[in-house]
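Naming follows writing order (A, B, C and D), and every chain is counted from residue 1.
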Amino acid sequence: MTSLDLYVWAGVVVFLLALHAVVTRAHLLWKVLAINLMGTGVFLILLAAPARRDPMVADPLPQGMVLTGIVVAVAATALALGMALRVMARTGSPFLTVDPETEEPDPDAPEPPR
Amino acid sequence: MTAFLVGVAFFLVANLAGGLVRVIRGPTQADRVIAAQLFGTTGVAILLVLSVAADSRPLMDTALIFALLAVVMTVVFVKRGWVRAPGTPTAPEDA
Amino acid sequence: MTDVVTTGLLLDGLIALLLAGLAFRLLRTRDLFEAIMLFVAYGLTLALAWIRVGAPDIALAEAALGAGVTGALFLNAWHRLAVRAGSDDRLPMEADP
Amino acid sequence: MMGPSSSHGPGVSSPSPSGDAPTGPDASSPSPLLRDHGERDGPPLLRWLLGLFLVPVGILLALGLKGAAGSRDPRIPDLIAKHLPETGVSNPVTGVLLNFRGYDTLLEIAVLVAAMVAVWSLDRGQRHFGLPASASASGGAGGGRPFLSAILRLAVPTAFLTAVYLTWMGSSEPAGAFQAGALLAGAGVLLSVAGVLRPLTAAALPVRIVAAGGVAGFVVTGIAVLPFTGAFLAYPEGWAYPLILGLEAALAVAVAVILVELFVDVPSIPAHDAALDAVDPYGDPLGRALAPDPSPADPEAP
């Protein structure tokens, strides 16, 4: 058991917790949060798992990939938030699934012609 | 000496775990923000301690970023996180 | 020297535990504002973890992006929803139920 | 949380049957927009089963990763260390990002531009300015907000200085264009949130030019070195360092602008703004739906 193993375990735990939440939680913003956390779990594994010569210095290659991943994740988060907010503004509900008993039919369906 | 410094860092991280209680239990939004800011300020302290322990300058740079980002979070909270009294439809920007 | 290793292991274990705990609470809580604040805290803790893993480049990016910009994005969305929720939103300084 | 009793708050049946807009002050059940009571989270039994299923998955995953790490020999780090002097920089991560995997970074900044355009097009109503008019009408950093303006005066120049420092040091120390860009974006977010800066949306020409500048810089550099080295983005001998530094500067600015745009274009016009309807009646910015107007998706043409 080394320090790096601890972070691998943390990455696995965070990834699976977030996966569980993505599947089970209906609120769109929690889904966005959970996908973010899944990404960070993957990053943790990616940086902590590979074997290294010097335990104090991580591989430059995974570092470059993770750096790219973090920046892209922020862009994806912004896009996901924008789409989630748009859904909420149109339906007034933070959930993607429409309950047939209580909800009106999708108000977005009849798009006005341009 | 290094062991001592890492021990200090451990103590500071333990403080973070204590601050986590305030983030979770609130009860007001301000409590939560302040407790989240604790992660920033204590993070600065941890990074500085570790930078001395490991004798590395990049850690100090990271501490600087932490400090600057704390300002961003605070201002964003004050401007965006505080919603005015119920029923006011206007933007709280010019509060 | 082994002192450093042991203390370092303790430190890493605590950070890893903190990460897992923050993630757990973040994903289980019902209050959106709390979740966002936990997300910011998670980002800052993750930056510490990057330092311990030996990736200061990532730590810099995570501190600025993961915690700062993403947190601001989420707070912005929260603000938008709070205004949308409008009348049944509680007073800002009031305690949560 | 996972228990069936606690997951059903007082608001199971209280959301208005129209499905739209919390209609009245109902203190016992705040809007599900801000407090998720878990009514839609699916049956608790299924959630528990999924959780139980994920436990062995996690154990297998961790054990597998441990085995994989043990069996892999660290050849790539050695290769990178061996060829690092040829990249013109001494920070291996910068060498990987801008030299060995230059394509990767080129496509990354392209993805950022695409995300910026996508976010902007989600909310076409905000054609001209990202913030409501009241923000800048209240007099910038000065009027009546001495503390905020003092903080801004301290933090923003420091952030700029640090960003330049990070870009400059990126060739030798752990730092670089993306970190600097993120920090600059933090400063930009600060200024736009405080209402000092009234940032243009992604529709504005300067924003588009700067945002595309990162991609364009990469492509132009990649093609310009073709006659000398015969390969796209393969820097000629001796030119690697200045080229990388120039690309990093362009990248930092582009990343900063794109991130600020992502922030500015997502946020809302909280109240209904008739001026925007006149600009783009079908844009349907969130501001319209936020307004108390009962018919947000009005099909009739103006």
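Convention: contacts are C-beta pairs under 8 Å (C-beta built on N, C-alpha and C of every residue); 3 or more make two chains touch, one makes a residue touch a chain.
Remember, it's a predicted structure, so these values are computed and weren't measured experimentally.
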C-D against A-D, pair bridged by the larger set of C-beta contacts: A-D
Cα-centroid distance, chain C relative to chain D, in whole angstrom: 17
Cα-centroid distance, chain A relative to chain D, in whole angstrom: 13
Centroid spacing, where centroids are CA-atom means, of chain B and chain C in whole angstrom: 9
Computed distance of Cα centres, chain B from chain A, in Å: 22
Per-residue multi-chain contacts in chain D, two or more chains: 22, 25, 33, 36, 38, 93, 166, 174-176, 178-179, 182-183, 186, 189, 193, 259, 262-263, 266-268, 270-271, 286, 289-290
Of all residues in chain B, the ones touching two or more other chains: 58, 61, 65, 69, 72, 76, 80, 86, 89, 91
Two or more partner chains touched - positions in chain C: 8, 15, 17, 28-29, 32-33, 56-57, 60-61, 64-65, 68-69, 72-73, 76-84, 86-90
Chain pairs in mutual contact under the definition given at the outset: A-C, A-D, B-C, B-D, C-D
Residue numbers on chain B that touch chain C, as the complex places them: 2-3, 6-7, 9-10, 13-14, 16-17, 19-20, 23-24, 26-30, 32-33, 35-36, 39-40, 43, 46-47, 50, 56, 58-59, 61-62, 65-66, 69, 72-73, 76-77, 80-87, 89, 91
Contact set on chain B toward chain D in their complex: 57-58, 61, 64-65, 68-69, 71-72, 75-76, 78-80, 86, 89-91, 93-94
Residues of chain C defined as touching chain B within the complex: 3-4, 6-8, 10-11, 14-15, 17-18, 21-22, 25, 29, 33-34, 37-38, 40-41, 44-45, 47-48, 51, 56-57, 59-60, 63-64, 67-68, 71-72, 75-76, 78-79, 82-83, 86-96
Touching residues on chain D, where the partner in the complex is chain C: 1-2, 9, 22, 24-31, 33-38, 91, 93, 166, 174-176, 178-179, 182-183, 185-186, 189, 193, 259, 262-263, 266-268, 270-271, 286, 289-290
Chain B partner contacts - residues on chain D that touch it in the complex: 25, 131-132, 134-135, 137-138, 148, 151-152, 155, 158-159, 162, 165-166, 169, 173-175, 179, 183, 186-187, 189-190, 193-195, 267, 269-272, 290-292
